[in-house]
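In the two complexes that follow, chain A is the common piece, with chain B as its partner first and chain C second.
Presenting the complex of A and B:
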């Protein structure tokens, strides 16, 4: 059994690097999340489009991403694409990989949100003379974002944890630094506990934010009974 | 919210400017809302005309050949058993349900077809312009729950007619006053009674300054003591000369307000005429059976 002093010494040696890694983790997560939030809506709306080829195309992409491991995707982007002359940094590849996967995943969440809004809303908007796209933008989407928000925050938390796959292609984020220091100090268990604590500390505020936002935004919108 | 903003941007990109933006639509021909009383280019023609309308949902034929003319300032009531096609008929008028066959004319123009198009193809922009002139009030209100009463009423003038925000809200407030709900301007629909919600829904339609108002069982979802406030608003509208077509089970109201009653059964207009004739001395046995069932209830 080691003493508390020894443990505190390890913490003080390792923590700064882990926190630097955590910063990169946040960067990777935030960048992919931003892309997913925006492009996810696009894919969801396209998947509900009246034009069949567009529907099939987006459905194909979403289905493919569902069965395709993110790790494989990352390796293809980082090690595969250079053979076709497309080079990117490990950081760029990881953001892109997580986005390509996450957009598909999040678009399904959005689609559920859009479809949960009573059809009468779309009809009322169109009866006023709105085009389908305008009704979507001004009436349906503002309501579905409220429905979707809890799932969106869950997705963000998931993405934060998932971003650890970036360590496999050498992005110096939290997980990478944790493994490196664990091996260097022969104290893998202790270091990994610290890594876990940092992931937890980053996720908890998100989860709390979700609760508050949900109460605030969900005040007037009730999901249609089906 | 950042998320809201991002979504708005995405969709704005997708639309590629299809949506009316402020300033544009005001000058667009055909969207200037004319009142029935002002100079009327097609005074001869009926405001609304349906010709040989059929509507099929799969194997089910809901409308089986409807011909109908409605003059300006006329008040029509459609009655009939459930499943007779009354609601579908209303929804065919503004093409929320496009008819399977047959044609609809509004102000002498074929609904959904661009002026001069010989092939009669449906054009979405022409269609939305027609819908903007026809108000529809739903049985279940269909108010937008994320908007206040004022937001609900202002959204049409703002997003469809392209009025600036202040002007749209001015208009919304005027119309809310007309239905007696000015005080509820900042209240969301979930805090309003059913009767108040339906009055906001009527205000939402009126804010577009429509030439024709359609009411699809506007009081059927209301508690009995709330029916009066909605029929009161409708009565006033009728007195002001609004052209109205309503589907209703309020026979007393229909009798009082209506010029013409249509009895529908199995997708056809079985009998029509002034209320005194259709409601009091129906000639068709099916009309008699229906009225007997309704009054016994």
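Presenting the complex of A and C:
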């Protein structure tokens, strides 16, 4: 068993690189999250559209992404697409892969939020003479935020963890650096525990935020016939 | 296209063997998740303070770190404290199961807490024991909530078995990668692999949708039942 001093020395050697890796992890997560938040709305709205083919198409995409492993998606983008002459860096491929996967997921969260608002409210708003889009914007969406926000934070945690998959295509993020240093120092366990601790340090505050949001906003949520 | 089909015929048996391993791996991990998750959920529901805190800590940690980290810790880390799992398959099953247990415990908890607490209190008040209250009042309402979440989790587990490829478990993704090194035709093989995952995942997904629909309908009936004049509304 090694002394604490030796362990602290390992920490001081490895930690700066791990933290640099964590920076890339945050970059990948934040970039995909930004794309997902915006594009997810689009997919959710298309999924609820009145035109049937559009509805089926988006439903198919969402269903596909529910079943498709993220790792396979990343490999397909990074190693498969160059056959078509589409080349991108590992970083771009990982952000794109996580976004393609995440948009489908988040659109379901949005849809759940919109559908959690009793349909009678939409009807009532329209009976008062509001337009569909106006009723959506002023009546339904503001209320659905209560349901969506905690789920969105949970989604961000999932994205943060899944960004570790980017290490398999060679993005120099936290997991990749952890593996590399574990091998170089022959202290895989210690380094990997540090990596796990850094992930926890990023995800736990988010989890606490999600819990708080759920308790705080959930007080006023009475979802009809959920 | 013709070239793709003849090659695909050659590749399929090998990939299918990988898929079988993937499904077995997901099965092993699910069994571990279901049982360990139940223990954790029970610890939270009926355990003492210390047990509760331990279980919660376990759940928060496994839910907070990536599955990949768990895989590396189990396969490369445990040997340094003397626990060696030779077979990558069992190491992957253990790691995925340990992660899954945290999620499963939460699914059990949400299910058990879904009936209003008043129902448990009411059944105690009319003289039921805690066990029979659980058996006849809580569980019949909790199980419809738990079932679709559990099948959905099995689907996620099937997807997460791809992670096991980093420790060279001979599952579908690993077989695909090996084929690619021989054939140099990544795109076609990845697409074929994706189709195989779809074939295995679609039934699970359909089952999840069906169970969720059934649970929703059951809830709707309950809401219209005696003593409940209508849908709960804001």
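Everything that follows uses one rule, which is that the second predicted complex is superposed on the first by the 212 of 226 C-alpha atoms of A that agree within 3 Å, B and C clash if a C-alpha of one lies under 4 Å from a C-alpha of the other, contacts with A are read in each partner's own complex, and residues count from 1 in each chain.
As a working rule, a residue touches a chain if its C-beta (ideal position, glycine included) is under 8 Å from a C-beta of that chain, and two chains touch if they have at least 3 such contacts.
Quick caveat: nothing in here was measured; it's all calculated off a predicted structure.
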Do chain B and chain C fit side by side on chain A in the superposed arrangement, or is it a clash? fit
Counting residues of chain A in contact, which comes out ahead: chain B or chain C? C
Is A:80 touching anything from chain B or chain C once the two structures are fitted on A? First, second, both or neither. second
Figure out whether A:124 sits in contact with chain B (first) or chain C (second), or with both, or with neither. first
Return first, second, both or neither, reflecting whether A:37 touches chain B, chain C, both chains, or no partner chain. first
For A:52, select first, second, both or neither according to whether it touches chain B, chain C, the two together, or no partner. neither
Counting only touches as set out at the top, which of chain B and chain C does A:133 meet: first, second, both, neither? first
Quick check on the superposed pair: does A:146 touch chain B, chain C, both, or neither? Answer first, second, both or neither. first
Determine how wide the angle is at the CA centre of chain A between the CA centres of chain C and chain B, giving a multiple of 10 degrees. 100
Chain B versus chain C as contact partner of A:212, first or second or both or neither: neither
Once both complexes sit on top of each other, what is the least C-alpha distance from chain B to chain C, rounded to whole angstrom? 8
Residue by residue on chain A, keep only those touching chain B in one complex and chain C in the other, then list them. 118, 120, 220-222
Could you please specify the touching residues of chain A with respect to chain C in the complex? 63-64, 66-72, 75-76, 79-81, 83-84, 118, 120, 157, 161-162, 164-165, 167-168, 175, 178-179, 182, 187-190, 192-193, 195-196, 199-200, 203-204, 207, 220-226
Residues of chain A touching chain B in their complex? 34, 37-39, 41-42, 45, 118, 120-121, 123-134, 136-139, 141-143, 145-146, 152, 217, 219-222
Sort out for me which residues of chain C touch chain A in the complex. 60-61, 63-69, 72-73, 76-78, 80-81, 155, 158-163, 165-166, 173, 177, 180, 185-187, 190-191, 193-194, 197-198, 201-202, 204-205, 216, 219-220, 223, 231-234
Where on chain B is chain A touching in the complex? 1, 3-4, 6-12, 14-15, 18-19, 94, 96, 124-125, 128-129, 131-136, 138, 140, 142-146, 155-156, 159-160, 188-190, 204-205, 208
